[in-house]
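Each structure below is given as structure tokens.
Look at the two complexes coming up: chain A is in both, with chain B in one and chain C in the other.
After this line comes the complex of A and B, so read on.
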């Protein structure tokens, strides 16, 4: 997470995990969001709550360039304004019906969501490509303890696990939960990818054990 | 929340057909209760050794933590010859009991939640209907509710425009009257009896009194359980979990007038167990 006085960016998901026409739940330090990609490929992030009846929008569906709530089909554009209320097909929804949205930047295979109004762009991960994401039931501190290294201000952590060099991009989820994105050199071989993936799984187990031990004391 | 006006209401706590002497351990508004049959086979409900009021009606055992001021609401159709009475069973839902009732009163979700059963696109429009709080009976009523349904009931073949009437005779109960495909002129009765286990947890006991000589009991039960399980996927994902009674938190439209009347009626009576008020 990159912070500046006006806001911060969170790496919420990998591009490959959000195909066109889908919506998924994601988290920022400001709370849950519905992360979706339109049919034409544009990623958007909105509050994960339909203002009509409070249903989670991440359970909804994407058609064309809109996100719809699964409960009553109210649909929203990328700017968060309500475009259609199916129960009243002839009605143009007033401007006041809208969901809060967040800025989204996509670079190098990572989707970043802004909280607040960050004045800077999300960090560039030059030369690195994402391999996969995994969720750890462990906080940042437990992960850093397991890795024997600290994450930098962007959430980037470099360490060696089972004599395998690994680079992780960490995103805060909750106090005891962290989203891990595994990064690799762009020219890594298949065997290297498999080895890194396994090394990160081992690191996750180690961090989760540290977390569990800490919370049971 | 035990000062709530809802304490003196009747609530369903189990099926009569499943009563036994061993008893069923359950809960009512946060208090553990035991529902059993006594030596004479009568229903007996106790909370911590204290015997609670009991009545047996509409296939269910009803009880109350307080002192009910009136008898359980009447459903005249329950005594009508020729109807089949269906104990659908129980669906546990992690939501406010009031949200469960409000969802039952809603038709606009049919095409999206009960797709190709109770509704389907592009037939999404909710036409104007009538809503009133009937002062004499002290009930919420919605009438002249019409909706196009691909398969309105187990007994329906092909799509029809179904007419509905809803009534809310108690804070966690609703009775739905619905076009009866095999017998025009009569109404099928489908009820939603909700047992409040806690403010954000409930057991939903649907019950039906139908004109349907064709479908097997299993099919009738499966049809309703399919519907209620689809509803559960919504109810467990609404934020907040409690029903907001004050305006501002949610945006109603013309299609939601039954919900608006239900919320107003709850607030007027101080029925706030499972509700969220701005003051809180």
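After this line comes the complex of A and C, so read on.
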């Protein structure tokens, strides 16, 4: 999480996990969001709540350039304005029916969502490509303790686990929950990728044990 | 072929889904699983002393394990769903067929506890369910690295059908599916298959259907 006076960026998902025409749930420090990509490939982020009946929009579906709620089919554009209410086919929905939206930046295979109005761009991950994302039932402190290393101000953490070099991009989810994006060199082999993925799972087990021990004290 | 069926049972749905995907017609014999407990009554216990459903009857053959029923349907009508037979692929199919039993015990246990108030340690069911989902997520991620979208191959097999229903219904047992991107993509790939059918709690991909258009005044 990169903080600046007016806002911050959170790495919420990897590009590869959000193909065109899909929506997924994600979290920012400002709350849950529906992260979606239109058929033409444009990523957008809205609050994960349909203003009609409160259904999670991440349970919905993407058709063309709009996100639709699974409950009654209300459809929203990238700007958050309601475009269509199927039960009232003759109605142009008023401008006041909107979902809150967030700025989205996609770079190097990572999708970042802004909370507030960040003055800067999200950090660059020069030379590294993302491998996979996984969630840990452990806070940042427990992950840092398990790794024996500190994350920098961008959430980047480097460590060695079972003689495997690991680079992680950490995103705060809850006090005791962290989203881990695994990064590696773009020219890594299949076996190296699998080895890094398994090493990060081992690190997660260690961090979760530390977290559980800490909370039972 | 006669399937002793309960509409809300994920294991019965496996059989209905497999049959629909490969074009096998089933005669459905509804079982009053809840509240009647008919699967524990004399008629069904005579067929299956384990007191479970689904049960598939085909002539003299009576099958009572859902994975065996999937294999039987595939072998009869669409053997490509059994995998190519290469050593590694054949083993992966068996690996995930066995694994599906752990999904039933964990996520299925949590679901029965939450929906039908069956006794049990809900915390343990959920923790075991999360552990199983993490294994599945890692397995699918590694398959993706090998360029394969499904559990045993780059095409669906009986293993995918055996695992899909209890995973898709995990939220019924209070287990979130939010943290699993590879499972999400796999679930979409299964729901996008030709012939896919729904069960209560597992819906099709709406975006694959044409957008309904209602003229003003028609509604």
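Simple rule for what comes next: the second predicted complex is superposed on the first by the 217 of 217 C-alpha atoms of A that agree within 3 Å, B and C clash if a C-alpha of one lies under 4 Å from a C-alpha of the other, contacts with A are read in each partner's own complex, and residues count from 1 in each chain.
Criterion: contacts are C-beta pairs under 8 Å (C-beta built on N, C-alpha and C of every residue); 3 or more make two chains touch, one makes a residue touch a chain.
Since we're looking at a predicted model, the values are computed, not measured.
Legend: residue contacts after superposition of the two complexes on their common chain; A:132 is shown touching chain C, with no touch to chain B. Once the two complexes are laid over each other on the shared chain, residue contacts for A:35 go to neither chain B nor chain C.
Ranking chain B and chain C by residues of chain A touched puts C first.
In the superposed model, A:19 makes contact with chain C only, not with chain B.
Look at A:89: by the touch rule set out above, it reaches both chain B and chain C. Residue contacts after overlaying the shared chain place A:184 against neither chain B nor chain C. Of the two partner chains, neither chain B nor chain C is touched by A:146. Applying the stated contact rule after C-alpha superposition, one finds that A:70 touches each of chain B and chain C. Chain A uses residues 70, 86-89 to touch chain B in one structure and chain C in the other. Residue ranges of chain A in contact with chain B, taken from their complex: 48-49, 51-56, 59, 69-73, 85-89, 91, 97. For chain A in complex with chain C, the residues that touch the partner chain are 13-14, 17, 19, 21-22, 24-25, 61-63, 68, 70, 86-90, 132-135, 190, 193-194, 197-198, 201.
If you check the complex, the residues on chain B that touch chain A are 108-109, 111-113, 121, 124-126, 233-234, 237-240, 244, 249-255. Of all the residues in chain C, the ones that touch chain A in their complex are 134, 137-138, 141-142, 145-146, 178-179, 181-182, 184-185, 188, 203, 205-207, 211-219.
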